[in-house]
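First the structure, then my questions, so here it is.
Think of it as A, B, C, D, E and F in the order they're written, each chain with its own count starting at 1.
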């Protein structure tokens, strides 16, 4: 299964994410999920960023919250709504929102 | 300050609770906060129960969620809405809801 | 003639948001969906509770008596009465120290024959893989 | 003739619920409350951000450009323009590795003179002790 | 006997926080206290006329009107919050006032206890 | 080109999840896809007529009506969820249908992708 997970929150997502298995797992940080890409706690980036090689963050939601591309962890690719629609239709068979 | 804290959630309350200082600190578990009184994780009761000698849980909210007095940790006193009103007016100068 | 399987995965706690209640009412709506579909087409729901969501399955909920609102227990029993497949994650049941006797496993009291089952997360994962679409609540 | 102090303590993140926005709009309403009070009576607000709530104070929020909604930044600047006391918890600023330069510390661009201050939690605790009522958002 | 001001910001359905606030207010009134009740944000949903009392949902209109009849209870909805959601004056349940946010602060000024219930 | 069914359960104001869902739908339509949009729970607030477009609040009515005009977009509100909140047929924004929950499942049946946005 190719599974795209839209991660919309900063807290309480690790437990679910750590259990999901997929042949291809994409994590797409949206809403308050973008804090995972741009904020460290006690010097450490979120462990969510290590859970897949395919991590994206929505530019519009980063900018809403005061972040630019320069603030984003190197492992995260930024995408716009346009790119998100393509990801949903082309890269993943199923998409979920947590 | 005599501070009564209505704790309404099961997650994300420890950080705030651990910082609050009061001459008398009362923790009143309501809503989903009552799970803190009645549920253990990996065999351990919530650390919130060790944060004050004065911990209460609302009977009506316990029963809503399937718990009886027998399910509640010994450190927690159960109260009804009637008792809660008295606590608010008589035992604490300030009350907050987290 | 096709059957599409939808997985309703509940990770939300009860009584904090409407999420778990709406998961069950939407899953139950699979019973009437054929009015919109062609002959022989079907929607097959499966409901699974995981994480803090397993707390929805505790017995003896009295939301009606306390607040005049249907309990999640009642919705879950309705789901079993209508023969929906209901799974409860074993790892989370164990984490919370719960036993089968403390959980809503059947709807016998309202004439239901189908039972809920406690399964390892790997079985919930399998249901997700064989489902056409996944709805996380 | 009395002054009642109200502490608006923000521990919620921005843009997830309406909480932090409503904390600021309600605090600002202290400017017009006298229409309901007797001569000389006043409400004195203090606003403090703690925990994840300090993320409300990040600069360069563009909620208006992206979603057509006033940003929390704008509300915070309005609060400073109206000389509200605004405190930001130092321990949380440090935990998130933020610096003063990344935070909204003033409203100079709209003519404000009052500045926000980064303070240890103990000072927020003191404000709570000297306040008549506490409102946690 | 004292005055309790409750501010509630939670939505009508789902969290039961608004149900909690109403039940707390009712208990306080029965014990002889007076209660001011402020609904703001999503809690302004409580002020909407014409809610249907299904069993799956909170039905708080009746108890609110009983409390209002005691003379020891005032309930006010945030006007801007209500308007943004499309609840106009003519959509408002009987017994509710509508004011701007300063009403809540003024009520807190003279309250013995304030319970502010945040949340969505 | 595909069909995307979006279900959104988040309230009108606060979380921006409903704003996200609307913007995603609009982008998909512009790229040639068709979108079915189901609002249930607190998201039925979107279907209420007469929302005032203040700057502090999401104002999504206009974009919803533009999408409807393309013929590639359908939006339906959960009827029971709306009625419980006091939103009756005559309170419903133009372009919205109202059905029971099976509509969402039927739309999912024929969808290439389903994005279910839970939350309060």
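Just so it is clear, a contact is a pair of C-beta atoms (placed from the backbone, for glycine too) under 8 Å apart; a residue touches a chain by one contact, two chains touch by 3 or more.
Since the model is a prediction, treat every value here as computed from it, not as a measurement.
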item	value
Other chains in touch with both subunit A and subunit B	C, D
For subunit A and subunit C, chains touching each	B, F
Homomeric contact subunit E-subunit F: same or different residue positions, threshold half	same
Selected pair, greater C-beta contact count between B-D and A-F	A-F
Reference subunit F; chain at largest CA-centroid distance	B
Centroid comparison with subunit A (C-alpha atoms), farthest chain	E
CA centroid of subunit A to CA centroid of subunit D, Å	29
Interchain centroid distance [CA atoms averaged], subunit D/subunit E, Å	25
Distance between chain centroids, defined by C-alpha means - subunit D, subunit F (Å)	33
Contacts with 2+ other chains: residues of subunit B	11, 31, 60-61, 64, 94-97
Two or more partner chains touched - positions in subunit C	15-19, 25, 67, 132-136
Residues of subunit E touching at least two other chains	13-16, 23, 41-42, 56-57, 113-114, 116, 118-120
Full enumeration of touching chain pairs	A-B, A-C, A-D, A-F, B-C, B-D, B-E, C-E, C-F, D-E, D-F, E-F
Touching residues (chain side subunit C, partner subunit B) in the complex	13-16, 52, 55, 58-63, 65-67, 71, 73, 95-97
Interfacial residue positions of subunit C with respect to subunit E in the complex	15-19, 21, 25, 64, 67-70
Contacting residues of subunit D [partner subunit E, same complex]	4, 6, 12, 17-19, 22, 25-26, 28-30, 32-33, 35-37, 41, 43, 45, 132-137
List of subunit B residues in touch with subunit C within their complex	9-11, 31-32, 35, 39-43, 60-61, 63-68
Residues on subunit B engaged by subunit A in the complex (per definition of touch)	11-12
